[in-house]
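Both complexes below contain chain A, partnered by chain B and then by chain C.
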Partner chain A sequence: MDMKIGVYICECGPNIAEKIDIDKVIDAVSSLNNVAVVERYKLLCSGDGKKFLGEQIKKHGLTHLVIAACSPREHQQTFMEVCENAGLNPYLFQLANIREQCAWITDNKEEATKKAIRLTKAAIERVRYHTALVKKQIESNPDVLVIGGGIAGIEVSLQLASPDRKIYLVEKTSSLGGLIKNFEKTFPDMQPCQEFIKQKINDVNKNANIQVLTDSEVKEIIGFFGSFEVKVKKKAEDTDEVNFDVGAVVLATGSTLFDPKELSEYGYQKFENVITSLEFEKMNLSGKITLKNGESPKSVAIIHCVGRDKKGYCSEICCMYSIKFVKYLKDKKPDIKVSNFYSDLCIPGKSYQQFYEQTHGNNVDFIRAENVEITKKGNQLNILFKDEKGIKNNLLFDMVVLSPALEPACNTSQLSELIRVSQGDGGFFAEEHEKIGPVSTSTEGVYIAGCSQGPKSILDTITQAGAVSGKILSSLIPGKKIEPEVKVSHISESFCIGCKTCLNICSYGAITFDETKKISVVNEIICRGCGNCVAACPSGAASLKHFTFNQIYQELKEAV
Partner chain B sequence: MKDKDSNSDVLVIGAGIAGIEASLMLSKSDRKVNLVEKMSYTGGTAIKFEEVFSNMECSTCMLSPLQQQLLQDKNIKLLTLAEVKDVKGEFGNFTVKIHKKARYVDMINCIGCNACFEPCPVSLKNEFEEGLSERKAIYVPCAGALPNVPMIDTEHCLRFNGKDCKACQEACMFEAIDFNQKDEQIEIKVGSIILATGFDIFDIKKIPQYGYGKIEGVLSALEFERLYASNGPTEGKILLKNGKTPKSAAIIHCVGRDEKGYCSSVCCLYSLKFNHYLKSKIPEIKIFEFYTELSIPGKSHQKFYEKMKDIGANLIRAYNIEVTKQGQGIDIKYNNGNGKKNNVKVDMVILAPAIVPKNDASDLAKIFDISVDKFGFFKEAEHNVSSVFSSKPGVFIVGCSQGPKNIQDSVSQASAAVGKILSSS
Partner chain C sequence: MDKGIFDAILIPMKVPAGDSYVYVLIKDKSLIKDVLPFPPIMSVQGAKAVSSITRLGKGNIKIAAVMRPCEIRATIELAKLEQTNLENITLVSMDCPGVIPFSDFIKDPEKAMELFDNAIKQEDDKIMRPVCQICDKSSMIAGDLHIGTLGAKKDTFFIISNSKKGNDVLDKLDITSKDSIDSWKAKVKEKTEKKQIKRKKTHKDLKTQMGGLDNFLDTFSKCINCHNCMSVCPICYCRLCYFDSDKVKYSPKEYLQRAENKGSIRFLPDTSLFQIGRMIHMSLSCVSCGSCEDACPMSIPVAQIFSMIADETQGLFDYIAGRSLYEPIPLKTYKEDELHEVEDAHD
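After this line comes the complex of A and B, so read on.
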C-alpha cells in the first residue's frame, strides 16, 4: 500500500495563526514525498476539529498522520484517540509542537515560521519510519507471596486474602508475629498489644485463603508482574520444596537491632545490667523488671541514639519507645528514677509531644548529652557524658537500657539479589520513588512494607501494609488482564555481541542472557521502555520501539 | 460493612497529592471517582514547592504528569471550585450535595492561551503567590496550573459588580468566556468517601516576637517557597522588598510549636532544604538556622542533613527568639543551648510555622459526621489500628487532614485508604 501522509496545521485560534505564517508552512511541506494532503484548521482539539480529522483520515485513506499544533503534553493523547477511532494505528502519528516551541516564545514571525517549518518537516520525516505498535494483554495470576510474618506481612495477608486470591505467607522463624510479640504495649496510646497480635495470628491461621509456611525461606523467584514462579524451602527438611505461582510479591521482612557490642563505650555484654531495648521489652513483658542479682532497680538510664552515627540515620522510633519505657517503669515502680540521655528529641506528629509531656517531672529527666560512656562503679553503672553546656559530668544508675538503631533484617541482601530489588539508604529496600512511590519498587509487582523499607513505627507499618494492599488490589485484579508497555526495547539477534553490558544497566531485570545463542534477550513484558540499554549498547543491537535510531535521526536531520 | 447493593463509586475531596493518588488508583481498578476540589486548580500545596527534600526533585515535574493523567482519566470526574454541603447515608450508600461555583470560563472551549488576562482592568494580590505578586480578576494562579483554564473572581470582577465590562470576553477568540454560567447544585451517590483536604499554616502574627507582618524581610516558609519558584513572582530570584539580594538570612524552626503542642514533622527537613535554595541562588550568603530539636527521622534524611551542613548550614540551638528591626537589617536575639544571650543581624528571616488543620476542617467534620482531635485534625477511629479510618465507617481520612506529615506518608495513606475501599466490597 502506498504511503499517504496527512499533515494538519492547527491555528489554535490566533495563538498559532497570528504568530506563524501557516500558508508558508503548508507551501514548504506540500511537495514532500508521500504527503497526500496538507490543511489548516482553526482548532483541531475541538469537537469539530476531532471530527474533521477522523473524516480526513478515512476520506484520503491516510496511512500516517502529522499534526502541527501544541505540546504533546496537551493533546498527544487526544489525537492518538482520534487515530484509533478512525482505524489508524495511533503510533503512526507524530505531533510537531509549533505553539509552545515556536508561536509562544518569540514575536518574530519570520523566525517562528522558519522553525515551525523545520519542526513540521521533522515530524513528517520521522513519521515515515513509524511502525504500528499493538497493545498486548496478558493473563495474570492474582495470588500473592508475602515474605515476612510480622505485623506488616500479617496485615497485607489478611487484607488481600479472598476466595479468588490466595496468599502464601512465608516466615523464616517458627511462628508468626514478628517483633511485636515482645511488646506489652504500643505508643502513644499505651494499648496492650499481646491480645491484638494473638488475635491477628489467629485470624491468619483460620483463613482458608492464606497458606502459612513457617520455618521457610524463599529460594527462587522468577518471572514478572502477574506471573512469578516461586520456590520455597522448609529449613528442617532438605528435600522438601514448595513450588507455586503468584502475580505479586510483598517484602515485609522487617528489621533487627544494631548490635551495641560494636560500640565498646556502651559496655554492652561487658557489664551486667546494661541491656538493649528489646531485652528490656521482654523483661517488662515477663512482668518483672529486675537486676541480674534479682533486686529491683532504683534508677534506670535510657540511652537514645545508640549506633545512630555509625548507621548514618535516625531510626525514628527510639525516642518514642524510650518514652514508653519511662511509662513502663513508672507504672511498675512509681518512685523509680529514670534519666533519658538523648541528642535530639524526635517526636514528630500530632500525638507524640503530648505523650512525651505526660512523663515530665516525678523523678524523670531528659538530659541532652554527648560522648556517652558507660563504666562500672561499685555495684552501679557510671554514665560519663558531656552535657548541653559542654561540661563533663557523670551519674550513677542501677540499670542502663540502650536504644539501638534499627537495621535491615539479615536476609535483606540475599532477597535483594533474588528478586532484583536494590538496597537503598541504610541497606533497606529501595522504594520506586521517595515521595510518590513509597511502597512499590523498580521491579513491577514487587512491593515493600514496614521496616524492610526503612525504620518506622507500628502505626506507620500498618499504614504501609494498607498501601501495599491498595496497590495490589488496584493493579492485580482477579480475571483482569495486564497491559504491558508497548514502547519497549528490542535487541537484534544478529547485532548483539553478547557483552552483557545491558544486563547490568537494566534496573527492571527485563534482560536475560541466552547462553546457547550467547546474546541478550529482552522480556517485553517486564521492560518499561526507559532506553538505558539502548544508550549503553556498544554494538547498536539494542533499540527502543518508537524511538529507533533511524526515527530519531530522520527527525533530527530536519529539525537542526 | 457494606451490603450487596452498595454503590461502588467513590467521592474524593481535595485534589492535592493525596487526593490525586487515591483517585488514580481507584480509577485503575475501574471505580468511578468524583474528585471535589475547592480551588480552581489541582495539585494542592505541593505544587507551590520548586523542589522537595531529600532528593531535591523538581516538585512540578513530579506532580504535573499525575495532574495531567487525572484530567485525561475517563473514570475520574473532577469538580473544581466545588464544596460538599451535605452528606446523608452510610457506608455503601451516601448521598452527597455539592455546590459548584461557576468558573465563567468554559472548560472545553478554553485552550489556556491567557489572552484574557491582559485586558482585565482589575488588579489585586495573588493569594497563590502569598500576595507577593498581582493577578487579574480573571486568572490562573500560576503558570503551569492544571487545569490550565482561568476563572473569574466575581468578588472583584467589574462586571459582577455592576459595571459593563467585558474586556476578557472580547479578548477571547474561542468564545470560552460565558458570563451566564450559573453555580450548580449537584447531587451524587457514592459508596465511600476519602477526605484529603490538606492543611493550613499557623498564623504567625499570633506570636508578635517574630515580627511577622510588621518587619519587611520576615517571610513565612510558603512565601519563601514562592520566592524561589521559577514560576513564582520573581521567577525564582531571592530578593528583598527593596529589590536587593540578601547577604544574610536566618531560618527559624518550630514557629508555633509550643502554642500548638506538637511537632509538625516536616519543618526541620524543609528548613534544611532552604539552605540549598539560598546557597544555589546566592552562593556567598550567610545563613543562621535556629532550631530547638532536630527531627529528621528515617533512613534518608540524616544524609540529606549532612549534605546541607556541607554546603554551609550553620545550625544554632536557640530558645527565646526575638526578631526586631534594626536600621536596614533585622536583629535576632536568642538564648543558645548554654543559656547565654546572643544576637545576629541578617537581611532576611524565614519562619517555619506549625502545620495546622485547614480552616474549614471543623465544618467538614460536621458535614461528614466525623470526629476531630483536640487540635482540630480529623481523628482516627478508636480501636482501629489503621490511621485512615475516621470515626464514621466509609469515610476515610488521608494526608495532612489527619495530621502533619510528609508527601511520602500522605501518599502511603492515600493508597491505604484505597486498599480499604477495594477490599471491603
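After this line comes the complex of A and C, so read on.
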C-alpha cells in the first residue's frame, strides 16, 4: 500500500492563525513526497474538528497523520484517540507543536512561520518512519499490599477493602495504630484521639477483606503494576513466610523522631526532666505529668525546631503539637508557666492561627530564640539563648520538652531498595512529582501515603490516604485488564555484549540478565520507556520503540 | 604448576618464525623455558587474550596471566564491564620498560631485540614507543602479584603481593621472607615523577597542537577509516561498532545534500566523528596501552591523544582505569549530584 500522509494545520482560533502564515506552511509541505492532503481547520480539538479528522482519514485512506497544532502535552492523546476511532494505528501519527513553540514565543510572523514550516516538515519526515505499535492487555490482580499500620495504612486499607479486593496490611510492630496511639487529643480541635484510633483498628480487625500481618516485614517484592509477588516474614519465627500476589503497593511506613542526643546542647539523656515530645505525649496520656522526683512541674519549656538546621527542613507539625502541649498543661494545671522557644513558627491553614492565639497570655510565652543551650542549675534546667535582638539571656524551668524534627522510619532505605522507589529530600520516599504526582512514585503501581513521604499532620495523612485509594480504585479495577506502556525499550540480542551497564542505569528494574545467552533483556511490562538504557548502552544494542535512532535523526534533519 | 597452584600459564612467547611474540596459554610445563615475559613489542594486548578465554565464564582451570601493568589494568576494566571473569585468574605484572613500535621492530626483529635489551640495561627509553615514554603507571600494581626489578640487587627481584589471591600463591610457594621493598618504592617513585613531568608536557604540547576544531580535524585528516585502532583496542568490546553499522550509512540523496551544504564531502565519510565517538565511548576506561598507535598505518599519534583525553575524563571522576577491581566504573555509576560544571556550561 502506498504511503498517504495527511497534514492538518490547526488555527487554534486566533492563537495560531494570527501569528503564523498558515498558507505559507501549506505551500511548503504540499509537494513533499507521499503527502496526500494538506488542510487548515479552525479548531481541530473541538467536537467538529475531531469529526472532520476522522472523516478525512477515511476519505483519503490516510496511512499516516501529521497535525501541526499545540503541545503534545495538551492534545496528543486527543488526536491519538481520533486515529484509533478512525481505524488508524495511533502511533502512525505525529504532532508538531507550532503554538507554544512558534506562535506564542514571538511577534515576528515571518520567523514564526519559518519555524512552523521546519517543525511541520520534521514531523512529516519523522512520521514516515513510524511503525504501528499495538497495545497489550494483561490480567491484573486487584489486591493491595499496604506497608505500615499507622493511620495512613489503616485509612487506605479501610477505603480499599471490598469483597473483590483483598488488602494485606503489614505492620512491623505487634499492634496497629502507629504514633497516634500515644496521643490523648488531636490539634486543633482538641478532640479525644484514643476512641477514634481504637474504632479504626477495630474496623480493620472486623473487616474480612483485610488480612493484618503484625510483627512482620516485607522481604521481597518483585513484579510490576497489576502483578507483584510479595514475600512477608514474621519477625519471631524463622520459618514462617507468607507469600501472596497483589496488583499495587502502598508505602505508609510513617516517620520517627530525630534523636536529640545527636545535638549535645539540648542535654537530652544527660539531664533529668529533658524529654522528647513523644515521651511527653505518653506521659500525658498516662494521666500524670510529673518530674523525675514525682513532683508536678511548675514551669515547662517547649523547644521547637530541634534538629531543623541539621535535617534541613521544617517538620511542619511540631509548632502545632507544641501548642497542643500548652493546652494539655494548662488544662491540667491552670497556673503553670509554659514558654515556647522557637526559631520560626509554622501555623498555616484556616483554623491554626486561632488555635495559637487562644493560648496567648496567662503565663504562656512564645520566645523567638537562637543558640538554645540547656544546662543544669540546682534542681532546675537553665535555658541559655539569644533573643530576637541578639541579646544573651537565660531562664529557669522544671521541665523541658524537645520537639524534634521528623525523619523517615528506619526501614525506609531498605524498602527503597526492595521496591526501587528512590529516597528524596530528607530521605523520605520520593513522590513522582511534587505537585502533579504527590502520591505516586517512579514505579508504577507503588504509592506513598502519610509521613513516609514527608512530615504531615493527621489531616494531611488522611487526605493523602484518600488520594492513594482514588488512584488505585481508578486504575486497578477488579476484572479489568491493564495496558502497559508500548513505547518501551528493546535490546537487540545480536548487538548486546552483556556489559550490564543498562542494569544499573534502569531505575524501574525492568532489565534482567540472561545468564545463558549473556545478554540483557527488557521486561516490556515494567519498562516505562524513559530511554536511559538507550543512552547508556555502549554497544548501541538498546533502542526505544517510537524513538528509534532513525526516527529522531530524520526529524532532526528537518528541524535544525 | 608443579605445586598444582596453577593449571596453565598465559604468557608471551616468540613465534616459530622468530619475528613476533604472541600470548600462549601453556599447559605443557616443558614449554615454559621458551617464554619471554618481557617481549620487545606488544603484539596483542593481553587483556584481549584473557577476555577471549573467560568471556563466556570462569571455567575450572586456574590460570596465571603474566602481563604488563597496562594490560592488567585493561583486563580489570573488562572485568568490570563483564567481558572477562577473573575468579580463576591470577594477574601477575612486572616493572615495564616499555616496548618498541611495530614499525621499528618489523624492519629487523633481531637487531630490535638487541637494542631493546640494551635499552633495558641502560635504563634508556628513547627507542620505546612515545606513549611508553610518557607512561607514569609502568610499575602500578593493580593485579594480584607484581615482580619488581627496579631497585633490586643484581640478579634478584621483588615479589609483591597485592591481594588475597597473591598471598595464597606466596604461601603455597613457601615464600615468607619479608624483605623491605623500600628500595623498589623509591626507584619507582623517582621514575614515575620523571615520567609524569614528561607526560604533562607532551599533553600540553598536544593540546596546543590540536586544540580547536580545525586543528583537531587536521590531526585526523590522514585517517583512512581502517578502524585498526578500534580492532586492537582492548576496551572497544562492542560486538559491532556503531561506525561499522548501518546506522551511519545514508542514502545518496543525503550525501549529496551534505556535499551541497559544504561544497564537497570526503569519502569514506565520518572519520573524525569515529574518533570523537571512540573518545566518548572508551576514554573513561582507556589505559594508555598504546596498541592503537602501533596499529595506525598512517602514524597518527592516537595513543598519545587518547592518553591526554583519558587523563582529563577520568580525572573528572577521580578515576584511574584499571587501578582497582573494586572502584566502580564511571560509565556504570549514576550519581544525582555530579558534573554540575557540565550542566552550568549550558545555562
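Assume the second predicted complex is superposed on the first by the 424 of 560 C-alpha atoms of A that agree within 3 Å, B and C clash if a C-alpha of one lies under 4 Å from a C-alpha of the other, contacts with A are read in each partner's own complex, and residues count from 1 in each chain.
Keep in mind that, in the parts below, a residue touches a chain if its C-beta (ideal position, glycine included) is under 8 Å from a C-beta of that chain, and two chains touch if they have at least 3 such contacts.
Keep in mind that what you see is a predicted model, and the values were worked out from it rather than measured.
Asks: Name the chain, either chain B or chain C, that contacts more residues of chain A.
Replies: The partner making contact with more of chain A's residues is B.
Asks: Just chain B (first), just chain C (second), both, or neither: which does A:494 touch?
Replies: second
Asks: Just checking: does A:37 make contact with chain B only, chain C only, both, or neither of them? Give me first, second, both or neither.
Replies: neither
Asks: Counting only touches as set out at the top, which of chain B and chain C does A:559 meet: first, second, both, neither?
Replies: neither
Asks: Identify the partner contact of A:133: answer first if only chain B is touched, second if only chain C is, both if each is, neither if none is.
Replies: Touch partners of A:133: none, neither chain B nor chain C.
Asks: Using the touch definition from the top, say if A:549 reaches chain B (first), chain C (second), both or neither.
Replies: second
Asks: Just to be sure I read the superposition right, which of the two partners does A:190 touch: chain B = first, chain C = second, or both, or neither?
Replies: Neither partner.
Asks: Could you say whether A:454 touches chain B, chain C, both of them, or neither, answering first, second, both or neither?
Replies: A:454 sits against chain B, while chain C stays out of touch.
Asks: Which residues form the common part of the chain A surface touched by chain B and by chain C?
Replies: Touching chain B and chain C on chain A: no residues.
Asks: Touching chain A in the complex: which residues of chain C?
Replies: 56, 81-83, 237-240, 242, 245, 247, 254, 281, 331-334
Asks: Can you list the residues on chain A that touch chain B in the complex?
Replies: 12-15, 43, 45-47, 70, 73, 77, 159-160, 162, 196, 308, 312-316, 344-354, 368, 388-390, 424-426, 428, 433-439, 454-456, 458-460, 462-471, 473-475, 477
Asks: Which positions of chain A touch chain C when the two form their complex?
Replies: Those in contact with chain C are residues 494-501, 504-505, 518, 536, 538-541, 549-550, 557.
Asks: Show me the residue ranges of chain B that touch chain A in the complex, using the header's touch definition.
Replies: Chain B residues touching chain A: 17, 21, 25-26, 28-30, 52, 54-55, 57, 62, 64, 66, 68, 72, 108-109, 111, 113, 115, 173-174, 257, 261-266, 293-303, 337-339, 373, 375, 377, 385-388, 403-409, 411-420, 422-423.
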